[in-house]
Amino acid sequence: MDTRLRIIRRVAAELRDGDYVNLGIGLPTLVADHIPPGIDIVLHSENGLLGVGPSPTEAEVDPDLINAGKETVTAVAGASYFSGADSFAMVRGGHIDLTVLGALEVDQAGNLANWMVPGKMVKGMGGAMDLVAGARRVVIAMEHSTRDGQPRIVPRCTLPFTGLRVVNRIVTDLAVIDVTRDGLVLREIAQHTTLEAVRALTSAAFVVDAPLKRF
Amino acid sequence: MDKRIDSADAAVALIPDGATIMMGGFGLCGIPEMLIAALHRRGTRDLTVISNNAGVDGFGIGVLLEARQVRKMIATYVGENKEFERQYLTRELEVDLVPQGTFAERIRAGGAGIGAFYTPTGYGTLVAEGKESREFDGTHYVLERPLKADFAFVKGDRGDRHGNLTYRRTARNFNPIMATAARVTIAEVETLVAPGEIDPDAVVTPGIYVQHIFLGGPYQKRIERRVVREG
Amino acid sequence: MDKRIDSADAAVALIPDGATIMMGGFGLCGIPEMLIAALHRRGTRDLTVISNNAGVDGFGIGVLLEARQVRKMIATYVGENKEFERQYLTRELEVDLVPQGTFAERIRAGGAGIGAFYTPTGYGTLVAEGKESREFDGTHYVLERPLKADFAFVKGDRGDRHGNLTYRRTARNFNPIMATAARVTIAEVETLVAPGEIDPDAVVTPGIYVQHIFLGGPYQKRIERRVVREG
Amino acid sequence: MDTRLRIIRRVAAELRDGDYVNLGIGLPTLVADHIPPGIDIVLHSENGLLGVGPSPTEAEVDPDLINAGKETVTAVAGASYFSGADSFAMVRGGHIDLTVLGALEVDQAGNLANWMVPGKMVKGMGGAMDLVAGARRVVIAMEHSTRDGQPRIVPRCTLPFTGLRVVNRIVTDLAVIDVTRDGLVLREIAQHTTLEAVRALTSAAFVVDAPLKRF
């Protein structure tokens, strides 16, 4: 199975019936296409839409209706539109049950770095700092290591923080790791990998949950 | 109350060099196309622009950047724009990046007479540097100050001559809050109706916030990322 | 998303003695008549009620006061109510009076995750006593904290089972902000429609803020001061 | 002429074309019936209405449409409704050009007391503290002295403050007095009175504008 698809499917299993969910730009957005049957959720888009629907058909395309990734979308029956201030009041006020975001690094304390690499063009944090500060649950969806095999789950973030102690769970192509008061706990590993492989690609300390599940 | 002004050109003639202008829109969605184009025609310079994004090459705020009319941008996410990137990296353009929720709340505070507020957003990050941090009930917050402007460019769907405005779908975005936070708010709308035609329960921006209004169009409404499904 | 609950009685059964409840309304306009009556029937006691006003003798929050169900009120203007006055003067009822704009802003802050804010309202008055005052750009401000509640009673005009709400005319008042600031918001509406029947541009309270909703009625909508002209 | 009517008419002359105006409960509300011809203003009511119209006919009475004094009203074409938070954002944000309020006392510094008399039942300040803090111009409409002839324009308020240095102009049945940086300035006196009478009923110091106008 494709690495990204593996992450997306595992993240989709995080959704609970009745959740209000914000899916970050990029890979997290794709989770919307994999919502498990029987799970009724409402998608929030921080540009001012609650009730994001699927992509439009050609005939439905409306330039006045986009998501936070600036992609054309539709709205479901029961949707609502609101201003940026109202949208982030919703986010910061703890009304979003779950946000799924990408990351560059996550560390043992649940600190997150996902908006800036010093020396590179900085495009801005958009709504990420507000989402991690406000959402009830923050799940990170990312590839376990960089393209050249460097760990992304690290003892301490080396890149500038997006938020401190904000991550609840990390879902990668190799593992599901929770951030707990006592540090990182490995809950699940992917079917195709081994605990040793996960250890080799994770520089942060973690304990292994027993029984360790497979996904 | 008749706040109608003849045209976008007449409206931007009010704006001096060096002004601070808020511009509505999220990406290219809901941007004040007419006012941006008129400001470009007039060539007003040395501007500080407060906008969530910076347009794209050749459209939206992008045209103001190419004409070197902008000295400083306050935004949350930029860089769909090569010319922006060039000016940013060469430091010809000053850029202040703000978390989007803080950006929105600072503008709301500017319009609502709030002197400052504590937000949890950005605590412990670069964004909090040089700012007061404070703990309330076990949560850490950063003190943020209001954002105001000399002018706001707002794009509405329907409007009347009192300045009452509605917005269409996600073209609402930052327009309503920016309308509240400027000394002079100029609104362009797709339909200008008689007072009373907009249901008073459906007004999003009450006329009190708008100083000038005109009928805009035709609108290009360019799409940045056209994603479609079969069907 | 189906947040419908059978009745006001089923809804108030969720509320324990000692709860803090926000109740929408300005005077008797836009009050949650059904929920207040049900709470009276159930006899829940020792309540803290957050409401702009305290009802009148025999109607609205007045009936809860007469039944001695309320321990404390946070309000902005009271006293159209003899029983309130009696309990207030004998100190049977604890009363916290807040300037109306600060009241509204504290509730909004409660719903919006703002840790505290500086308002110019009440600077140098009794309201500022014991609070931090601070100067920004030559204006004096008072630091105010958010207001939150365990429950909010909200009265809408139209609603759907997702919890989306609209309000009618000045019956809107404090209802939309209270909906955002409680752990559990219960909405009663005059018309319950299918999702999608409310224009998404016209939704005032998005469903995310509402946990339970039911169709209310018949509504008495008593008028406190009927002023009419010839015609 | 009736004392109250004299005050109301003089206050009505304060209205400027295009003003957004909040009229306080009681006497100030009556100013709405005396708007000079050619002056187009919009009335704000802090319970969430911009564009207050005249009282309704019997047939027009709507319990969902009241003003801040809880009186039934109508709304003009071009009116809008909004929440209490939005209403006071408008007030506090300096968008209301003029508010007219009653007073118990005003002092030389422009301090206002109008909400509380110690020892008496305190009904609350409602929106008065916000209005005086936020409106661009605060005009006080009141009778010049108490029923038993005690001055209400005093060197220093003896009653609890509603706001500090907030009053711009005081309009009474006897006089129009401005609060300036240099203290109180008597601008006008009523047709039926004398400067000596005004002095006798004013315990605050004031200077007399020349020429002193009559109203």
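As written, the chain order gives the labels A, B, C and D, with residue 1 at the start of each chain.
By definition in this document, a residue touches a chain if its C-beta (ideal position, glycine included) is under 8 Å from a C-beta of that chain, and two chains touch if they have at least 3 such contacts.
No experiment lies behind these values; they were computed from the predicted model shown.
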Starting at chain A, fewest touch steps before arriving at chain D:
2
C-D or B-D: which has the larger count of contacting C-beta pairs?
C-D
What is the distance in Å between the mean C-alpha positions of chain B and chain C?
33
Rounded Å distance between chain C and chain D, as computed from the means of their C-alpha atoms
28
What whole-Å value do you get for the distance between chain A and chain C if each is reduced to the mean of its CA atoms?
36
Flagged in chain D as touching 2+ other chains are 75, 81-82, 88-89, 91-92, 133-134
Residues touching two or more other chains, restricted to chain B: which are they?
105, 108, 112-114, 119-120, 167-169, 172, 200-201
Chain-to-chain touches, reported pairwise for every pair that qualifies:
A-B, A-C, B-C, B-D, C-D
Touching residues of chain C toward chain D in the complex: what are they?
26-30, 52, 75-80, 85, 88-89, 97, 99-105, 107-108, 119-127, 140, 167-177, 204, 221-231
Could you please specify the touching residues of chain B with respect to chain C in the complex?
105, 109, 112-120, 134, 136-137, 139, 141, 145, 166-169, 172, 199-202
Residue ranges of chain D in contact with chain B within the complex
18, 20, 40, 42, 44, 50-51, 75-82, 88-96, 133-134
Over in the complex, which chain D residues touch chain C? Could you list them?
45-49, 54-58, 61-73, 75, 81-85, 87-89, 91-92, 116, 121-130, 133-134, 160-164
Can you name the residues of chain C that touch chain A in the complex?
1, 108, 110-114, 160-162, 164, 180, 194-196, 200-201, 203, 206-209
